[in-house]
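Two complexes, one shared chain (chain A), two partners (chain B, chain C).
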Partner chain A sequence: MSYRVLIVDDSKLARMSVGKALDALHPDWVRVEAANADDAVALLKDVDLVLLDFNMPGKDGLEFAGELRGQYPDMPVAIISANHQVEIINRAGAAGAAFLPKPLTAQALGAFLDDAVGALKSAGR
Partner chain B sequence: MNEFIEQFLIEAHELVEQGTGDLLALEAHPDDRERLDSAFRAFHTLKGAAGIIDFAAMARALHVAEDTLETVRAGARALTPQLVGDCLNALDQVLQWLDRIEAVGEAPIDAEPEADAVIARFGAAGAETPVAPAAAASADPGTEPASIEQQILDAQIRMLEAAGPEGLAGRMASAALVAERALLRLGRSGVAVGPALDQALKAGDPAPLINALRQRPAETPAPLPAAGGAHEPAVRALRVDVERVDALVRLTGEITVVKTAIGHLADTAEAGGDPKLLAARLKDQHTLFDRLVGDLQHAVLGIRVLPLRQVFQRFPRQVRELGMQLGKPVRLVTEGDDTEADKAIVEALFEPLLHVLRNAVDHGIEDEAGRRAAGKPAIGTITLRGARQGEHVVIEIEDDGRGVDTGRVRAAAAERGVASPAILAEMTEAEVIDLVFAPGFSTAATLSDVSGRGVGMDAARAAIERMGGRATLDSRPGRGTTARLTLPFTVMMTRVMTVKAGGQLFGVPFDAITETVRVARGQIAAIGAARALVVRDRAVPIVDLGEALGTPGGKAPTMDTTIVIAAISGQLVGLEVDGLGERMEVMLKPIGGLLSGVPGISGATLLGDGQVLLVLDLQELIS
Partner chain C sequence: MSASAANVLDELELDALTELVNIGVSRAANSLREMVGEQVHLSVPQITLLGRNDAIRLLSEREEDKLVAVHQVFDGDIHGRVLLIFPEKKSLELVRAVTGGDLSLEDIIELEHEALAETGNIILNGCLATIANLLERNLKMSLPEILKGDGPEFFELAPPPAAGDVVLFLYIDFAIRQRDINGYIVMLMDMPSLAALKVLLQEFIQRATGAAPPRQDA
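Moving on, here comes the complex of A and B:
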């Protein structure tokens, strides 16, 4: 089963890095990219899961994750951040998003994607 | 260079720019929340980017900066000028790392001591309560890293002294590695750490290693020039537009076609073709070839361009520090920093620009009271502007200060003997303004620590002229001064070796030289009117370079003589010279005026001391 993944990060380098990790795990998945939350909104409707940078100009990742939860309750969302502070991890959890440390490792991403696939399947997608 | 490193360089440069702009704006308006968030994000994203390319030292240094800014964001700490300075210092270090990454294509592995130095500054600031601006102004960033490295070195020595037999070999090896890096940074690469380590490992005793690390340099290496040398970018790799490469490929194809055509014509000539017809067709091919070589020259020079940003980017922090030293609030605005110029020029611009900017802060911008009296904004503005104008790149440094006080310039010039009172009286205002560039004018200009160190506007003009450019000054009394540097877009770099002949210094194209020998005069044999020397079983004709250039004599007859052996159109020729100088890379300017008709000279260049070096055209000289 191939899914569409949306990567949102203002740094192209970071998107490249996430994309590389994703490619290694699921080369058949389609990935779409956006540089900020506003651009991401337009891409949401065909997307199965979202990987969000926490620190972005404009709307930050946590805020955006909260909005996504309201609009697409079943969509798996992960917040990626280099700030491994308990507070952020907790807030990600409160927004219904997973937390992944930056720089992203294949291991951490793989674990999240496995969970996400399970959740998507049980939601019938 | 892989695509990640490439993207890293692009983004990191942007982030440094963003961070620098934010920090400078924050200094003026410490309460600007948006700027603070933006600065924080710049450091944060830079740290993340460093992590992605596995550049741990940079990530570590930026992490500390980011944490510090986070405490400012949380309101736990004030953003003092010192803190702004520490953050800017971190970004400056990042720029230097970026240069190195650009040169070698990967993150440096020896950056830990530099990261330590960046962090140490934050540590020092954090240990105290916010420090007054005056203290920040006197902080000398130049001395700090050295002491850090010495500390690292001392720590290795202490560790080795305390080490027990357990795991000794591993400890010695690791200490040697760390120490070697520290020594390198201290400019003491002469210490033989490797052999000492071998000895210590063999003996199972760290003593030889400790002794080597304790060894003090016999002579303290000259400190790096305050700002110049340390910041010279050493960019060896170049990013080139695909289009430019494609143009080269196309030209190569066209040149190959001409080559084939000429080969065909040669065959026809050999077979006894009609000479008239052949000549006409050969001429056609030559015209075509000529055009292609011209295009090729253009295309090749076009590859070697860099945006002025590369050098402009270094100045916001420099100007800020100058302003702090002199107690004048000043900001730098840059415009047109994506203007491209020859790499050689961009890389040589740092020093002259620094001189001109120093001059602008020191002499152009008024102090706060003066600005208030003149009804100007309290913060002075210097605009650093780049633009392409035809075959030239023009850089302007414009300040909104008081302009050049020609009365004072006249008085100072008379006092310092730059020009006699009679000549000064005859000078127009514009000529007087130009005296600012005169050697000896700026050396003693003021006692301030910033300008007036024998480095000034004369040094800036000399450097610009060495690149084949011009430096002029334009003053609007009471409203400001504009220094204009006009530089050629492209330059030809030539490697030469300087030689002395007929009491004068000349440059010999380095590529032509096959070797230099010192021989007894008796070894040179007279063959008719000519002279020859046997080198590796070949008779090489000897030409006295001084005589050939029409400047003979001036040297005492000696037993030995120095011969430079050069290959000219495949023929070896020995040039007898009075002595050999140094090897250097020069920007060759075609010579005009009186010398333009002199055969055997291909161009001239200005040496660092202002002396003109004539570079020889050997082919023309010998034929």
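Moving on, here comes the complex of A and C:
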């Protein structure tokens, strides 16, 4: 099963880096990118899961994750950040998002994607 | 000079550097959170590469009052100076935020120097150490030193910089205990160091993205 993944990060380099890790794990999945939360909104209806940078100009990743949860309750979401303060991790959890440390490792991403596939399958997608 | 300095890094290299610095300050925020026991927000929304005179002008246009800086020298494959600069008025705010606000004004003034040095050291080391690690290089950092002044003198520290010095000018947003403290991180390097940084950034981009190395003969 091929899924569509939305990567939201203001850094092009960071999007390329996440894309590389994703390609290595799931070369058949489709990657969609946005540089901020506002641009991401238009892409949401066509994607299955979302990888969100925390620290972005405009709406930050946590705020956006909270909105996503309201609109798309079954969509797997991960927050990616080097900022692993307990408040950030707790807020990610409260928004129903996984927390992945930056720089992203293939192992951390792989574990999240395995969980996401499980959740998507049980939601019938 | 400043025009060529500003063009040394291309868009993706500057993006990579911004990303590295943000990972660095995020880690510094984690360390500060341990120290103060409350959430700390630190981010670097923008990096600009400037010649020294342009950097002096930019800082004096934005900040009219006295400034305070935490200064450290770094040395290794790239070498130069790094400064964390705040308006002096904000420095007591910062100390109050870091220490928790229960202290008297006398205590805060007494602690100002030490708290600034410690906070600056955490932020600057967080940046530089993360950059060095992700670039797979080693950088040595000197002990922090507190400077006060109007700004231009921060760019003219002894030994005098070479004529071709370039400045990486970073805006830093700092929020702690509901206090917002905006400041700057300034990295001063000479052209050979900037050229070395460019090569390291290209290698980093290649590792991070799997892209082919840029053509050197273009």
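The rule we apply is simple: the second predicted complex is superposed on the first by the 125 of 125 C-alpha atoms of A that agree within 3 Å, B and C clash if a C-alpha of one lies under 4 Å from a C-alpha of the other, contacts with A are read in each partner's own complex, and residues count from 1 in each chain.
In the analysis below, contacts are C-beta pairs under 8 Å (C-beta built on N, C-alpha and C of every residue); 3 or more make two chains touch, one makes a residue touch a chain.
All of these numbers come straight from a predicted model, not from anything done at the bench.
Student: Using the overlay on chain A, decide if chain B and chain C clash or can fit next to each other.
Tutor: clash
Student: Please indicate which partner A:102 is in contact with in the superposed arrangement: first for chain B, second for chain C, both, or neither.
Tutor: A:102 contacts both chain B and chain C.
Student: Which holds for A:84: it touches chain B only (first), chain C only (second), both, or neither?
Tutor: So A:84 only meets chain C here.
Student: Applying the document's definition of touch, where does A:71 land relative to chain B and chain C: first, second, both, or neither?
Tutor: After superposing on A, A:71 lies clear of both chain B and chain C.
Student: Decide which partner touches more residues of chain A, taking chain B and chain C as the two options.
Tutor: Here the partner covering more residues of chain A is C.
Student: Which partner does A:16 reach: the first (chain B), the second (chain C), both, or neither?
Tutor: A:16 contacts both chain B and chain C.
Student: Counting only touches as set out at the top, which of chain B and chain C does A:55 meet: first, second, both, neither?
Tutor: In the superposition, A:55 contacts both chain B and chain C.
Student: Taking the stated contact definition, name every residue in chain A that is touched by chain B in one complex and by chain C in the other, in rising order.
Tutor: 11-14, 16-17, 55, 57, 82-83, 102-103
Student: Residues of chain B touching chain A in their complex?
Tutor: These residues of chain B touch chain A: 3-4, 7-8, 11, 38, 41, 44-45, 47-49, 51-52.
Student: Quick one: which bits of chain A touch chain C in the complex? Just the residue numbers, please.
Tutor: So the residues of chain A in touch with chain C come to 11-14, 16-17, 19-20, 55, 57, 81-88, 102-103.
Student: Any idea which chain C residues touch chain A in the complex?
Tutor: By the definition above, chain C touches chain A via 11-12, 15-16, 18-19, 22-24, 26-27, 29-30, 33, 39-40, 42-43, 45, 130, 134, 205, 208-211.
Student: Using the touch rule from the top, collect the residues of chain A that touch chain B in their complex.
Tutor: Touching chain B: residues 10-14, 16-17, 55-57, 82-83, 102-103 of chain A.
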